[in-house]
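Once you scroll down, you'll see the structures, which are given as structure tokens.
Across the two complexes that follow, subunit A remains constant while its partner is subunit B and subsequently subunit C.
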Partner chain A sequence: MELKKNPLKKKVKKKVSRDGKIMFLCIVPFLILAFLFSYFPLHGWIYSLYDYKPALGLSGSEFVGLRWFKLLVSSKTQIDQIIQVMKNTFAMSFLGIATSILPVGFAILLNEVKCKGFKNIVQTLTTLPNFISWVLVYMIAFSLFSTTGLVNTLLQEGGLITDAIKFLDSDSHTWLMMCLWNLWKGLGWGAIMYLAAISGIDPELYESAKIDGANRFHLMRHITLPALMPTYLVMLMLSIANLLNNGMDQYYIFQNAFNKTHIQVLDLYVYNIGLGGNSLSLATALSMLKSVISVTLLAVVNFASKKIRGSSII
Partner chain B sequence: MTKKWKKIVAAGVLCIGLITGLIVWYSVNESSSKSSAAKEKTLTVDVYDGLANYMGIQKGWFAKEVKDKFNIKLNIIAPNVAGNGDTLYQTRTAAGDLGDIVIVDTGEQYKELVKGGLLYDATDLYKNMKNVKKYKSAVKYINKSSDGVYGFPTSVSSLSPTTSSEGTDLNYGAYLRWDLYAELGYPEVDTLEDLLPVMADMQELQSTTDSGKKVYAFSLFSDWDGNMMGAAKQLAALYGYDELGFVLAKADGSDYQSIIDSDSEYVRALKFYYEANQMGLVDPESTTQNYDTLYSKFQDGQVLFSWWPWLGQAAYNTTENLNAGKGFMLVPIKDQTIFSYGASVYGGSQFIGIGSKAEDPERISEFIDWLYSSEGVLSNASQTQGSAGIQGLTWNLNDDGLPELSDFGKEALLGGDATVPEEYGGGSYSDGSSALNVTTVLGIDEDPDTGYPYNYTLWKTYQEETTNSIKKDWSDHSGGAETTIDYLKQNNQILVAPGASYVAPDDSSEISTLRNQVKSTIVEYSWKMVFAENETEFNSLLKEMQDTAKGLGYDKVLKVDMANAKDQNDQRVAVAKKFAE
Partner chain C sequence: MEISRNMKKKKRKPKKMIRSKGDTTFTIVNYLFFGLVTLICAYPFYYLIINSISNNELSSLGEIRFLPKQLHLENYKQVLQLDGLPLAAIVSVGRTVIGTACTVLASAFLGFIFTQEKMWRRQFWYRAIIITMYFNAGLIPMFITMKTLHLTNNFWVYILPAIVQPFNIILVKTYIESIPKSLQEAAEMDGANIVQVFFKVVLPNCTPILATVAIFSAVAQWNSFQDTLIYITDQKLYSLQYLLYTYINQANSLAQMVRNAGGSVANVASAATTQTPTSIQMTVSVIVVLPIMFIYPMFQKHFGKGIMLGAVKG
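Up next is the complex of A and B:
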């Protein structure tokens, strides 16, 4: 039996290898791109081993080994700071994930609006904030909520308060406030995907449900929502993958001495130390931490996926 | 099938082609920018200026003067405006080109830039710079750590190091709205904290401006926070302290304080602001505004206290306000000994250098040399210093041969602003003044052409001219003193730190990293303390600040700063002795 099989196997192998070569050639450009943009930047990690001074260049800077890594864990306060930063990062990411169901609801409700003009206006108005940069969002926030802003002035004129309320320069509910700003900016944009998914639902489903006596809420609950779930789950997966990358521009813009303790996410902390504090090498060491945590998270999710679904992600 | 593959492969090749193309284009671009230009061409010079508070192309009369003389356009790059600390410096040095003209700190930055090859060795050009050459010893001092001439000193002077380098007013002082203070009946201020009830009464007297804005006694800002909260450090200067890292060192070397100690002048200042805030005297916008906003508040009369004459007086004491009997004047605190910077024979803490990639170093060196000539000094009035401007435009010699402000000069310099005649470049006078904000030669130095100081406020003609009711009233209540400095001298309330041009040695990288972490903690907590809800919170924040700072390695950094502060004092003593002989 084995003797018989051998020549056949060889033939198959030969064919596979020729096809394989062509296939491989096809993906080469993408491999190069992946290498250039995902692996090549990793050589920057070497800066964490030097005492890098921009004016002198890497070759002129002193090699210091693991000094920066040791510094990161050198005292309790250092560690406490990193823990606080990680807490902020995770808290705001999880708040983001928890509120990611809201665009689904918004899309479903928007879909029920029958007046087309009104629907379009609402959709445009809610999508627009996504295209405003955080800097401008902060300008809006500042003119509304600063101590002499619109809200405070109105409240004071109305005699409701005497002293201005500090909305921006206080540390109360920082996580929640950031989450709300994020939501205001991203709600309409997030709903676009779901609106597209809704338009792809077979109308026959609705018709037959109506014949069976379903009202509008039944349709929403039993047809639209289940039809959106696969899309939602994909989006959720993607956002979990980005758990540590919750951006920094928003927090960078909103940070001040009062809310700094709770607003510093990992990316912002790295920025503040590296560029704000003139310690690029320490910041590099710190940002490597992010990779370590990401890989750990991935491993955990992968393991969970294996247990629950029976197949791993990677 | 194979056709399809070919397409995909072609797309891939195109992709790679594009990337190589970009790289090639970038490198070609890089090399072409190095080619030199003809001398007739207008040269746009990038000035990386650590002192400037304006970013962009220089405008107005100063721009025209420089263009006419050197065919140079100044493009000012200001890290102060860009914000975010050293970000701009780092990214530009990492790219290998800081600017064609560089105005940065002596000491560490000088050494780093020379070592990194970012500065041009101007040894040959220096031979022809006849104005800079007058300050040979300062040039030598600045370049003592290298072989060539890479930098030219700023704030040079030919006066003795124990003379105050300031003009009629010191750099620091408690400047209050004199009209309101007078209305209260000149209450006595024995010590700093006595100011609080006085300020409260003043704020009550005038709770809104003419334009209907709310008036506050104190308004703070955060752009200049460095090792500590800037506003708090200013109050320590009233008692003769200046900062060096985390140390407050007294000008005469008699005391060195660690800023975060509970009994330091710094914490005292924080407490002072905290109490002021409890009394409703602190502008709630303090936390979010910057210096520019604050300055316009002063112009509008929304603030009653200024740490410096060049803020309160410059912004508010316009001819119009003075004639109306309103203005900022020094209110003496009985136990003060105000810090004063002695004239620095070796130059200030910044230097002017030429970038190694500058297109036409020769022309740039001519421009720099001009900045040290009497014409250059008069025109390049640093924004806070008050040199007189162009002869013939803002001032002229009168019949007695004394320099005197012209009508235009009075309008422009004393009245706030004026429109410059077209032949001098047009536009507003203050917008057109030099944005370099660098003092090459001190304003109190004598202009060799006229025999009088560069600074018009020191001219006899000016002092006679500008007597007004406020100034007279102030003088009457200050023992007949003519100027602030006279009064302070009479009462022995000045502490001059001899101008030794001391530059702290480089921090080791470990210290500098620790310092950066600690200082952001200190600044953060300082602001929180000022705006604390109550005394318990203030104290617990203070404790937290001390613990966090110490946890981050404060003590290590402090040890370095203490040693530096003592070295600085040794040099001050030495230079004072040398010039006393």
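Up next is the complex of A and C:
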């Protein structure tokens, strides 16, 4: 029996391994794409060791070793600039983290709206801003808050102010403004996930709590809120891991000569000195440091998550 | 069951009576709150739309606030004749359609292949792709890479890097794992090969998740601004978003351009329909935002589901 079975098994195995190889061949084009646009660019990090001039190419550029990294910590003006940029980056990130609890509250309160139609309208219209680009957000900001915009006109007509307030072309409260625009764009969308989580809560829980005499506020506080905490914790950890990644669209579009000091976050700074100011190598050195720190942060947060929650976030 | 339900009702009723005052206040405040939030989110869009179809003179004075006045479509007719706008629209539509189709198919196929246990070195390749989500070479290395690949000032820079999206692959893979395996096995019994299984069995059963992936990538493509900024200098390849951005920054010269282009028409036209910088910006904004507003409610029902799947994994 055994003798007879063995060759058959081998045949099956061979067929399986042949199928597996074919499947592999099928996805090779995609693997190449992933390689080209994710792994291959890493070779660019060596540009941080050169004084790279695009006109000369890498072979014609001077090898300068760690000059750019030393520059980051030796020149006084450079240090001051970096400190300001880091302050902005952390300010935006921490404001983002501080306001990340708001979508939870939004979802809990919206869940208390019993009128289905109203709830749908609210949900649709509050998630809409998430789906427009920052260019459009800026256009809206421009048409409402410029010196001749609607808000200034209304305030002047109401006699509250005489001179138009410069909301956009000034450096007052830049961090707060950016945070508020972020909130306008993301609040409704951020709540969707929590609303989905709420719909997954066992109704029995509410029923039995009601029998025990809990009112509406007790239910929100002691059932809905705790049920959302695991999701919130994951989101919180992800945003900590993304501390340095503010993205640049928003800040690039809102930046102008007036607010530059306080709006320049790390991503935007890399763009401004790299493609705007043509210090390609310095910008590469910076973004390389940023990538390394980000990955480390993610690893640390993931480790913490394993310790605290017992499961990883990535 | 009946008895217990009755008991619940009896028990709840008196308590409801006691708390009804606080409850009603809460309900009213809650509805007002959401009414206000919804208004804040939706009004700017409404403001842009009514201003783009109203008397331009009134509009530039800030008179159009709640209702459009003296409707006309002259703005749209003029703006569509602007240099570059029709081309930018084609670029934007093109990248949205092609990019979305590519990434949906790629995500579906890769997600499917990665569920096949017989695939050669499945875990290794899967991890190699997923891990690209967590690191990033940085702006300058990406720029140099695109330059090396001859993708700067090339339409395909919009498409190729966006095809393999790890997050989408995770979504699809998780979804396919929830489909009963017997479906695929039955097809294989009938002699279907891997490609046939993919098209005949997997694709038709994955429509909800693929719809989610499609809407996300379509919105991302349509809204993308940064890639034009970094990789494109050829005006023929500008996307609508980027064009709008340039319009916001050079509004005055723009209005002049329209008047010149209009030629004799402008002489006939009254001040009410003559283009002003604001009217042009608002009209283009509406053109950019309308597709999103139309498509988005159709797909809204999928969001919650897709995001929950993502949360389970992510």
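Following the convention adopted for this analysis, the second predicted complex is superposed on the first by the 244 of 314 C-alpha atoms of A that agree within 3 Å, B and C clash if a C-alpha of one lies under 4 Å from a C-alpha of the other, contacts with A are read in each partner's own complex, and residues count from 1 in each chain.
One rule holds for everything that comes next: a contact is a pair of C-beta atoms (placed from the backbone, for glycine too) under 8 Å apart; a residue touches a chain by one contact, two chains touch by 3 or more.
Note that the structure is predicted; figures quoted are calculated from it, not measured.
Chemist: Counting touched residues of subunit A, say whether subunit B or subunit C comes out ahead.
Modeler: Touching more of subunit A: C.
Chemist: Applying the document's definition of touch, where does A:Leu71 land relative to subunit B and subunit C: first, second, both, or neither?
Modeler: Once the two structures are laid over each other on A, A:Leu71 reaches subunit B alone.
Chemist: So in the superposed three-chain picture, is A:Lys210 touching just subunit B, just subunit C, both, or none of them (first/second/both/neither)?
Modeler: Once the two structures are laid over each other on A, A:Lys210 reaches subunit C alone.
Chemist: Given the touch rule stated above, what does A:Leu56 touch, subunit B (first), subunit C (second), both, or neither?
Modeler: Once the two structures are laid over each other on A, A:Leu56 reaches subunit B alone.
Chemist: Could you say whether A:Leu33 touches subunit B, subunit C, both of them, or neither, answering first, second, both or neither?
Modeler: both
Chemist: Applying the touch criterion given at the start, work out whether A:Ile22 contacts subunit B, subunit C, both or neither, answering first, second, both or neither.
Modeler: After superposition on chain A, A:Ile22 lies in contact with both partners, subunit B and subunit C.
Chemist: Is A:Ala304 touching the first partner subunit B, the second partner subunit C, both, or neither of them?
Modeler: In the superposition, A:Ala304 contacts neither subunit B nor subunit C.
Chemist: Can A:Phe142 be said to touch subunit B (first), subunit C (second), both, or neither?
Modeler: Both: A:Phe142 reaches subunit B and subunit C.
Chemist: So, A:Asn278: does it touch subunit B (first), subunit C (second), both, or neither?
Modeler: first
Chemist: A:Lys166 in the overlay: touching subunit B, subunit C, both, or neither? Say first, second, both or neither.
Modeler: After superposing on A, A:Lys166 lies in contact with subunit B but is clear of subunit C.
Chemist: Enumerate the residues of subunit A that count as touching subunit B in its complex and touching subunit C in the other.
Modeler: Overlap of subunit B and subunit C footprints on subunit A: residues 22, 26, 30, 33, 36, 142, 148, 275, 280.
Chemist: If you look only at subunit B, which of its residues touch subunit A in the complex?
Modeler: 5, 8-9, 11-13, 15-16, 19, 84-87, 89-91, 93-94, 112-113, 115-116, 118, 222, 284-285, 287-288, 509-510, 512-513, 516-517, 520, 523-528, 531, 547-548, 550-553
Chemist: Of all residues in subunit A, which touch subunit B in the complex?
Modeler: So the residues of subunit A touching subunit B come out as 22, 25-26, 28-30, 32-33, 36, 51, 53-57, 60, 62, 64, 67-68, 71, 74-78, 80-81, 142, 146-148, 163-164, 166, 168-169, 256-258, 260-261, 272-273, 275-282.
Chemist: Under the touch definition given earlier, write down the residues of subunit A that touch subunit C in their complex.
Modeler: Residues 16-17, 19-24, 26-27, 30-31, 33-34, 36-45, 47, 106, 109-110, 112-113, 118, 121-129, 131-136, 138-140, 142-144, 148-150, 153, 184, 187-188, 192-193, 195-197, 199-200, 207, 210-211, 213, 215-217, 231, 234, 238, 248-249, 252-253, 267, 270-271, 274-275, 280, 283-284, 286-288, 290-291, 294-295, 298, 313-314 of subunit A touch subunit C in their complex.
Chemist: Can you check the complex and tell me which residues of subunit C touch subunit A?
Modeler: Result: residues 8, 11-12, 15, 19, 23, 26-27, 30-31, 33-34, 37-38, 40-42, 44-45, 47-48, 51, 62, 65, 106, 109-110, 113, 116, 118-122, 125, 128-129, 132, 134-145, 149, 160-161, 163-164, 194-195, 219, 222-226, 229-230, 241-242, 244-245, 248, 278, 281-282, 285, 288-289, 292-293, 296-297, 300, 303-305, 307-308, 311, 314 of subunit C touch subunit A.
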